[in-house]
Structures are given as C-alpha cells and as structure tokens.
C-alpha cells in the first residue's frame, strides 16, 4: 500500500500537535529541572553544616539537636493553621457555591479572595500589633481554666505573640487559597449529579455529601496541599508575629520556632557555617514537604477508581 | 377520594407536618441574643463575646429544636447550614479586621500629595523628624516601589503562567498518568513548600553563578517569584482542567479537531474561570512577598524602570523596611504611615487584578445564561 | 529632593562619578539614607546604593565581590579577614568605624522614667531571675523611686543581631557571675521570654506591654520609654552620645589586621568616668585595594564624607546617632586615605 | 402508598421565558399517566415541577398550584425535601453517582432515611431493585465497581433501580427507556405495570407504542412555535387519546409516522 | 465522497477487559448500516473503534484491522485526526459545547480547525445543517444563545447538525434518535436517507422499526453473559435479518416484543 490519504495529509496540523505537546512536556521538565536545581543548591550549601563537628553548630550540640525543635515547631504551626483553616475554608467555599443567594455569591467570593491580596508583612504587622494584643485575654482565660491541658499550660504570654497566634495568622493566610480552589470546583459539580441527589429527597447538606464533596475530594486535597505548602513555607508573617524560643508544648506561652522564620531571622547576620546551617534547615523543610506530600498522594491514588471527574 | 380543590384550607398541609414554623429561626435568634447577653453580663460584657456566645446558642437551640420536631435529617441540615454560614462569618472577622487596620493606617499615607508620584530618593530622617516635631508635611512616596512591583510581578507572571499552564496541560492531557506525569505532580506539590526565602536565595545563587557576583535586578526577583508561583498555577489549573467533562473533548475529536486546538479552544475556555482564579491567587500569593525580593532585587530608593538591570524596589520590601527600619528611628510614625499607605495600594492593586481576571474569565466562561 | 550640605568637604577632592554599591546592616539604614542623600547632592553623577540585608550578608558580599563596601555592626572575623584577601588584595579588607550607637536598657513602667541599675541586676532582669519591678535589688539602687508591683517581662531580639551581640558581650564581661552564656548575636535559647524582630519591633512590644524591658539602639527609644543609667565604677552613667564615645575611646585596636585598620575591641569593664559601655560600633568594611581608579576615588570620596564632621552631623540629625569623636574620625580618615588601586 | 396529583393553572418559567403555560391536569393515584408531545414542548420541564426539581435551576420558578392528595406542593412552608422524598424521579439523562459503587448507588436514597439498614436487608433490597430494573444479571458480579463504567443503557437502569429502591409514593420518569434496548424496555414496562399496583407513575415518552402499552391516561403537550410556551392540549384515557382524540393536533401527532 | 469500511478480526479492550471480540464486517459505501443488540453488548464500543475514538479513553485499545477504502485506520503512521475528520460521529449522550452559542456549536468543526469561512458562507452552512437536523425553526431566533439551554432532544439535534456541518465521508450515529420525538425522528430518518446518497452511514439503534426503515444492512450484536465479550452474531440485508435470520439468537431478538 502506498502513501494513503490517511497518512499523508495535514502535515502542518500534525506539527502543531507535536509542537504543543512538546511545549507542554518541556514545561513539565523545566519544573523538574528547577526543583532539581533548588535541591542541588540546598544540598551543596548544606553539606558543611551536616558534616561539621557538633560543637560548631549553633547551640553547640550538633545539627540534629538544633533542627528538631524547630521541625516540631514548624509542624505545630502548620497543623494549627490547617486545622483552623480547612473546615472554615470549605465552609466558606460551600457558602459561596451552594448557600449564598446567587446574586451575592460572586461578590462574597471576591471578598474572600481579598484575603489573598494582603501582603505577608501586613499580616505580620497586624498579627503582632493587633491580634496578639486582642487575643491575650483569651490566653489568660485558657491558662486559668484549661491549664491542666498541656497545650494550654500557663502562665500565658504577656504579649500574646505565641505559636497559637502565629498559627491563627497562618490560617487566615491559607484560608483564601483553600477557599478559592474549592469554590471553583464546587461550582463545577455536574448539575446532573446534584439533581440526582435532590430527586432522592436529599436535604441540601445530604446533596452536598452525596455529590459535591465526593466530586471535589481530590480538588480539596490539592487545595489543602497548596495551603499546607504556604503554611510550612511562610516566612515573614511568622517572623513578625511569633515570640520565638525553645520548644514548648504549651501553645499559649512564648516559645517554639518555625524553620522558615528561623532562616529569615538569622540569615541576614549569618556568615560561614551559620549560613550552611540555615540552608540545611531549608533542606529539612524541603524533605518534610516531600514526606507530607507522599502521604497525601497516597491517599488520593488509593481512591482513584472512584474519582468523580469524567 | 374527593380532592378539595379550595385554595384556602383550614387543615394543616400534610407536607408541612412535623416541620418547624417559619418564624422559628427568629424566635431562636431572639432567645439566643437575650440569653447571650445574660451570660455575658455575668462574666463581663463585651460585644465580641456576645456575638460568639449568641451564635453558639442560636445554633444549638435551632438544631435541637429541629431535632426534636423534624428529626435528625433536617436537624443535620440545619446544623450544616449554621456551620457553613458561621464559617463564612468567622472568615469575615480577620478580613474586616485586617482591612480596617490597613484602611485606618493607610489612608493618611495615601492622601499625602505626591505619595503615588514620588520616590524615596533623598528622603532622610531629617524630614521625618521635622514632620513629627514641627508638623511639616510627610514627604516621600512609593512610585519607585509601585513601578517595581508591577514590573517584577508582570515578568514573573509572564514566566509562570505559560510554564504552569503548559505543565498542567501536560499532566491532564498528555501525561496519561505515566511515570513522568506522576513525578511532576509530586514535585510540584513539593515545590509549594519551598520557603520563599529559599526561592530567593536559589535565584540569587543561580544568577550569581551564571551572570556574575552581585547580579541583583528585578528579573532575578521575578525568577525567584516564579519558583513560588508556578506550583500554584500548576495545581489550580490542573484541578480545573481535570473537571472538564471528557465528552466535550470527545465531541471535538470526533469533529476531526486536533488535540492542541481542542485544548486551546474547548478545554481551556471551559475551565477558564477556574484558571483565572488560580492565576490571580498565584499573583496575590507572590505580589506580597518580601524575603525573596530583598535578596534578589537589591534595595532601591529611586526610580528604576528597567527590570533587567539595576536594583529595584517593590511595595512589600518598601513596607518591610519602612516598618522595621524606619527612615528616622527616633520618629517612626511617618515611616509607618508610608508603610500602611503602601500596603493599601498593594491591596488595591491586587483587587484590580482580580477584577480584571474575572472579567476575562466571564468573557470566555461557559454561557449559563439563556 | 535632598539635603544640600553647606561647606562641601567631599567635593573638594577629585570629581567622582559612578555607582557605589553597599550591602549590610539594617541598623545603619537611616544614617545611610542621610549619607546617600548628602553625598549625591555634593557629587553630581555619583550615586551610592545600599541594601540593608544585614551585617552578615554585607560581609559576605564584600568577600565574594558583589558589593564594594559592607555595613557591619561587627568588624570582620579573623577567618573572614583571611578570605577577603582574595578580592581585596594582600592587605585584605579594612574596617572603618562610621556610626556609634549607645544601647539603652529601656523599660515601660508606668510613672517611672529613670532607673539606676548595675550590670548584675540588668543580667538578672534579662535572665528572669528578677521577676518583679519592686524587687529589693532594684529598690536598693533606686531610693526615692516608687517601684510598682509589676511583673517584669524581658523582651529580646528574635533575629540574630549586632545589638544582641554587644549587649550580651557587655553582660558577659561585666557580670560574668550572673550572665553565664557567651556573647552571641542570637539570644540564648535556654532563656524563656518574649521577643520581637528588629529594633523597632522590640521597642513597639515594650511600648505596648507594661512591665516590659528591652535593650535597643538609643535612637529608636526616643522619649517614649524610660531608660536606665548604668553603673560604671562607682557612678551611674546616663546614656548619651558623649558617654558612648568615651567608652569607645577606651577600647583597643584589634590585632592581626592591616596596618591602617580601625577595628576596635571594646572594654566593657572600663571604669573611665562618664563612659557608657553598652555601646555598639558600626563599621564600613572596604577593600584595601580595588581594581579601578574610578572605584577607589568613589570609595574614598564617599567614606571621607561619611566620617567627616558634616557626614556625622547628617547622620546625627537624621538617625539621632552619636557622632564619632574627632580622634576616631582622624584614624578613620587615615585608613580611608590608604585605599589604593590593586597593583 | 400512592397519592394523586392535581395541577391547577400552572405556569412554568425559566427566568422571564414562559416555558409551559396554564396546565391543569389531574393525575390519579395508582395509575400510569404518559406525557407525549414533540421535542421542546415542555414535557421535562412540566414533569420537574411535580417534585419541585424545577426550582433547582437558577431563575426557574412556577406560578399556580400542584396538589399532592390535596396539599399544595408550593404552599407556604413546604419543604421541597419532603416533597422529593415522596415523589421520586428518573432523569432523561442517566446520572449515577460516579464516586459510588453500583451497590451504593442503589442504596443512596435508602440510606438517607434509614441509616442503620442491616447488611442483609440492604442486600435483599439491592437485588430486588436491580432485578426490577432488569440489571441484576449484568452487574451482580461487580456490585462494588463504580457506576460510571457501565454502558449508557446500564446506567439508565441503575438510575431506575435507585429511584424504586426508596419506594416513593409517586414515580416520575423522564424517557426512562430512550437509551434501552427492547429487552430492557420490556422489563421496565413490566416493572411499571407492577409499580402501578402500589404507586402513582408518570412517564414521559416519545414512543407512542410504549405510551399505549403502559399508560392508563395520556396527556398530549404541544408548542405553537419557537419561543412560544408549551401547552397541555388534551388529556384523557389512553385509548381515547390514541383512537378518538378531541383535538385535531392530537390526532395529527399520534397518527403521524412513529419513532 | 463516500467510502467503504472493512473490519477484520477486531478485538476491543478496556484495559484488560475484552469488550468486543473478533468482529469481521464489511460496511458498503453509500449505504446505511444499523447495529442492533441488547444493552451493554458493545455496540457503542465497536462504533467508536470505527473512527478511532475508542483510544481516547485511558487504557482502551484494539487489535485487528479497520480498512477505510482499503487503508488501515490503525496502520502505522495513520493520524487519528485525519481519520476523524473523514468519519464523523454523533454520540449517545448529547454534548454541545457549553462555551459556545448555538451558531458556534454548528460551526465548531469548521472554526475549531481554523478554516477560513466568510460570514455569508457560514450563515448558509448553519442554516443548512440546522434544517437538516430539523432544528432550524426552533432556534433560528436564538442562534447566539448558549447551546446548553436547549431541551434534551434539541441538544441531540444540535449535535447532529454539528456533525453533518463538516461533511464527513462516513457518519457514525450512536442512537441519534433515542431522545427525540416522532417528528424529529422522522426528520432525522429523512436526513439519513438523504445522506446515504453521498455518504456512508452507520447507526446504532434500539428501535427495530427504525432499523428496518432506514437501513440497508443490519448487524446484530449479542453478549453471552456478564463479563463476557460482545460478539457480532450476524450481519446481512436488513430484510433478511428481520424476516429470515440465520441465527436463532437474532430471530429471538428481532421478533421479541419491541420497544
């Protein structure tokens, strides 16, 4: 069989496909390359700190002793942020997509998006100057009444600049990220499936549980992962809000520190091995993000067969 | 059975049997407000606490009444409604508080003549001391920083959106869930966790190595911001592309439309509203970044309109230094006024961007009107 | 706009042009603004840019050649001095004192504007060993002051800082029995307390919190907070520019540096009358030799202006810093004169 | 278990567009009523007003009354959820829940009201419903697989099984057999015949034969032209409508070549 | 303008699941071929292999040959896009583009491929296609409105109009009339009759009468049981298949009560 019409025609169009898919592939690879670059940068710069004698590392007891309290601090702050932000963000997204009067919804969505527009320095300044002061009576109350819980052990910080305050500020910062993405996905839930639930006599909430949330589940997880990334990596707001210190279980005392803030606070004055130590801290954060994401991906793929899309 | 077709009937409809009366929420609300005031009066009244306590009482009251009369399903629905509305109201609190703080502190700065049209070139503590001690006008503005922010962010967007969107397209349309696609998905997630300062240091180190030591320009900052922006663009676009129904793709393929045209003209327009949201989110995420810009763009106090050469200011770094290192340490108030004014401008800038994105999205979005 | 300094000293030298890049301490940012403006007004065509990234960043920058001078609130460490030889020629980089800043112990006690404290008491306050302002140790030194029953909340810097280095250096030298930690830019992790970022941050926190006390560059304390007089020898010295200058004069040159280097090892235990030893000296770190004549001229012109009486006055007006004493300024000028083109 | 529906002067709107005008019809309990008429005349629209599914669309609203055993569905204070749990519906386009298994799809409605249904009861119910929809044999080995991997006709039968599992008092079916092969269609028709012993059934169909076979009464809807509202032209015993209609339009339609 | 299709030993898979087994069939040019068979037997699946739409689904693949005028669609180097632009398709579920107006939906095949067309030509094409699908009268006043605001049957006819607007050589239709009323069905059948003068038409239908009315040849598919692959049981002249089939299964199916 010689050159058939099926194979010969439309060479130009085919080139378009090739170019486009090539560009898409290249973009993906570029991201991998950048990430590889970042990782390489971190590793190369971190090596001196990882191999240095313990006494020379900040604190004098080696890198591990230096890093683990702030790893815990980072996780505490991120967990607080997500525990507060995730339910509220999903609530807000649902409110906008399924509860608010239609005419109002777009405007309300816009308002929440505004939260994303506020620079982190401003959050930091707001958290340090306003929130911390306003919230510190509540901490005193917690210390007095719930002090038997280790996390609310007193005496409460006099300034209110605690890891809990930092977590709250972070939660406000990640809220618009989770909200905005979830909202868009909720809005895309096929009408067909919503109607299927409603026709069975489902209440609005049951309809959401039956059709909206399952459909949006992978999207919500992605949104939360984005929020988590921000909570883990946020630098300036935490640096300004948190009155940092040694690791403590109490959330209402001053103390604890996050990796990103530790880097931001110390990098400007750092030199020599200290620089390596801080970059090694960045590397550790990188590894934490990696681990957390592996877990999340695993959860997503486990339910793949029932993924709502298409 | 004879149906009574008279519209006004005395007997209660079977359909409304076992249902709370229409006025129920208002009754519960009134009761909650009163009870809340009473409780607060015991521990010391404050308006905020009153709101919170009343809201909780309202939810509990309404839900339990509903549970008693209507059964658990309706009660759960009411509870969910209370929680959803409640979470929205809670989300409004910080929003209003932050915006209020910024407005109150920022408007005086913004109203300063020359605030938007001049730079900080030549402004020293002497003037601020005079402003505070002798009541002279506060001078110095943000023109240089505004210009810098716009240029740096624009460049970062120009880099990130094509890369991010193309990657999302690769993942959804070409990746076939293969090994490469999964690797990219995974590492994009990891990328979201890069602390902003590390992104800045990386970009700086990269340009130091490639161009030469001390290379600090707006473009370097844009690269640093892109590292932060790309994962947000990829993630949000990917989610939006994924939920475009396959039957639309199939419809286009069946018309003999090439895949890339299908993607450009069918898939992306269908998802455009979400993509636009994601891109604005990504821009909002980086436009307020401080740390990476400090280490990549240098610190300019005068106007520089070339992103590719020379140091460049930006609004966040401007805000940051004005707050943390006031022009006059003895009299930080003028600096703080400028900082909040700049914050206000930054927020307005993002609002305008957001509006623009929505307009774009609306033009292409699926037509639901009829 | 810009200040137009009268009687222009810098412009009497060779006409200079070009851009001078500096990176370094943020604490001298306000003074740098004044110097940039003053220098630019006197030298058309010459500009100075300065990025307040931090002292460490500044020292790194001069060592790797990405800046022509660094602002630092500590002189180069020995190993930094060694590595600076790669870029700055065989004599390495030199430290020029440009800015003296007395560090105030500032407190917020309603109704109290002045206190007298000795080093040990200050150390105890910041270690949390004195937890109430009516503590007998404080009362003993402050007869006639009505000290309230108020919790002491010490506030330290959360960021690595030159102010902390100098403050802890003072405490460790003057009250070694109480302050058992080494001097360090990072506040000892074992001490629990409140902290905030930056000088303005700690000042703000203290202003907002009754009973709080901190240490901060005097210029930022202004009149808002009470400040302590520090016991030196047998007298209590009130914080002032002159007292700070005296304490600096009591210091000694650092060994092992270039001949013209002006790095000063402060004597915290000085008993010199009227000296206030809680003080910080900021330096400009410059190369002893540069590649081009143009740069040399530019650096010389700028640094001469900075240490000149007029430059110091501009900084004092703008940042309320303490001017260099004339003796120190002279040494600095000699050092600046020695800068040359690489051979 | 079954209820009658009386519709009075119902106007149905999409925003400003009047889609169905002034319908008055009585639907007897324990009977099968078929709606026929050309495409776009408002059959689906009208059907959806009978269980208040219409108002789910933005801007959609109705004027008039729909009485379920004398109680106005659109009366003040009536909760659409109550209405819908009594009046089930099968849609024109199959819409199984893609995130649920086949089994869970069938049980979706049942679980709403009866959380604690035992596994045994559930199994019985699933089997009965799927058998009723003539799907049991095809899916009995993959009940735990997602419902979206089925063929078009299988999906539609799954939706029918889901709707009958909750045993509503009225069942509305919008062209339930349009995607089905003759064998399945037969099964569904048998099912409808069974259902009418206990329930009230309303069915939209394009298939005249089907209407003639399964329904007791038939309602013919028509539309005068583009942009005009659909109207109920005639309603009566199926036999009368097909053999001896009052209106000329009805006669033209039912005697036309059939699809 | 029309081409014949010859299928040889085709196996169709969804991942590991063999959905259709070993089909060999010849489809004549300028003729109408109908596929009939019970739900889930693989009619849609097989139809989608004829224009390489099957492979769009992840994991889906085929083995065997499909020859379009002797050229293997699955031969090496064959561009599926070329195949699809010659072999058009109407889906079982209507899928108009939600972002486009009715007019743009009809022109989608032209516009999405970036072909230049003057406004006048476009108008003519839109009108001709919509008339062909018997939709023109209903939508001529709202061509600029979105396609998603149409009734189910209207959407389906819009998709038919969209498919014929590109004038492919072969048209595959998957139950095109299942959502249509008799009048529209009639119009579509007329259209098919017209089309076959120029094009090759393949149609899946559950409606035996329709198959009998419009098709020249009929292929009967069947499935032995759940999880078993669908098979082509018999193919032949429509008349033969309906009056005198070779296979018992075919006879059972076509003589069954009809839907």
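Per-chain numbering from 1; labels A, B, C, D and E assigned in written order.
Following the convention adopted for this analysis, a residue touches a chain if its C-beta (ideal position, glycine included) is under 8 Å from a C-beta of that chain, and two chains touch if they have at least 3 such contacts.
As the structure is a computational prediction, the values presented were derived from the model and not from experiment.
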{"item": "Shortest chain-hopping distance from chain B out to chain C", "value": "1"}
{"item": "Both-way neighbours, i.e. chains that touch chain C and touch chain A", "value": "B"}
{"item": "Best-connected chain pair, where connection means C-beta pairs in contact", "value": "A-B"}
{"item": "Whole-Å gap between the CA centroids of chain A and chain E", "value": "48"}
{"item": "Whole-Å gap between the CA centroids of chain A and chain B", "value": "14"}
{"item": "Distance between the centres, which are taken as Cα means, of chain D and chain B, whole angstrom", "value": "45"}
{"item": "CA centroid of chain C to CA centroid of chain E, Å", "value": "84"}
{"item": "Residues of chain B whose C-beta touches two or more other chains", "value": "73-74, 77, 245-246, 258-259, 261, 323, 368, 370"}
{"item": "Residue numbers of chain C (touch at least two other chains)", "value": "26, 53, 57, 197, 201"}
{"item": "Set of chain A residues in contact with two or more other chains", "value": "13-14, 17, 129, 190, 203-204, 206, 215, 267, 308"}
{"item": "Parts of chain B lying in touch with chain D, wherever the complex brings them together", "value": "1, 3-5, 7, 9, 13-16, 19, 21-22, 73-74, 77, 368, 370"}
{"item": "Residue numbers on chain D that touch chain E, as the complex places them", "value": "14, 36-40, 44-45, 92-93, 137-142, 149-154, 157, 175, 177-186, 189, 206-210, 225-227, 253, 256-259"}
{"item": "Interfacial residue positions of chain D with respect to chain B in the complex", "value": "4, 6, 8, 14-15, 17, 26, 29, 58, 65, 67-73, 75-79, 81-83, 112-113"}
{"item": "Interface residues, chain B side, partner chain A - complex", "value": "73-74, 76-77, 79-81, 83-88, 90-92, 94-95, 97-99, 101-102, 162-167, 169-171, 173-175, 180-181, 183-199, 201-202, 205-206, 227, 230-232, 234-236, 238-240, 242-243, 245-246, 258-261, 263, 273-274, 277-278, 280-281, 284-285, 287-291, 315-316, 319-320, 323, 339, 343, 346-347, 350-351, 354-355, 358"}
{"item": "In the complex, chain B residues that touch chain E", "value": "176-177, 245-259, 261-262, 265-266, 269-270, 364-370"}
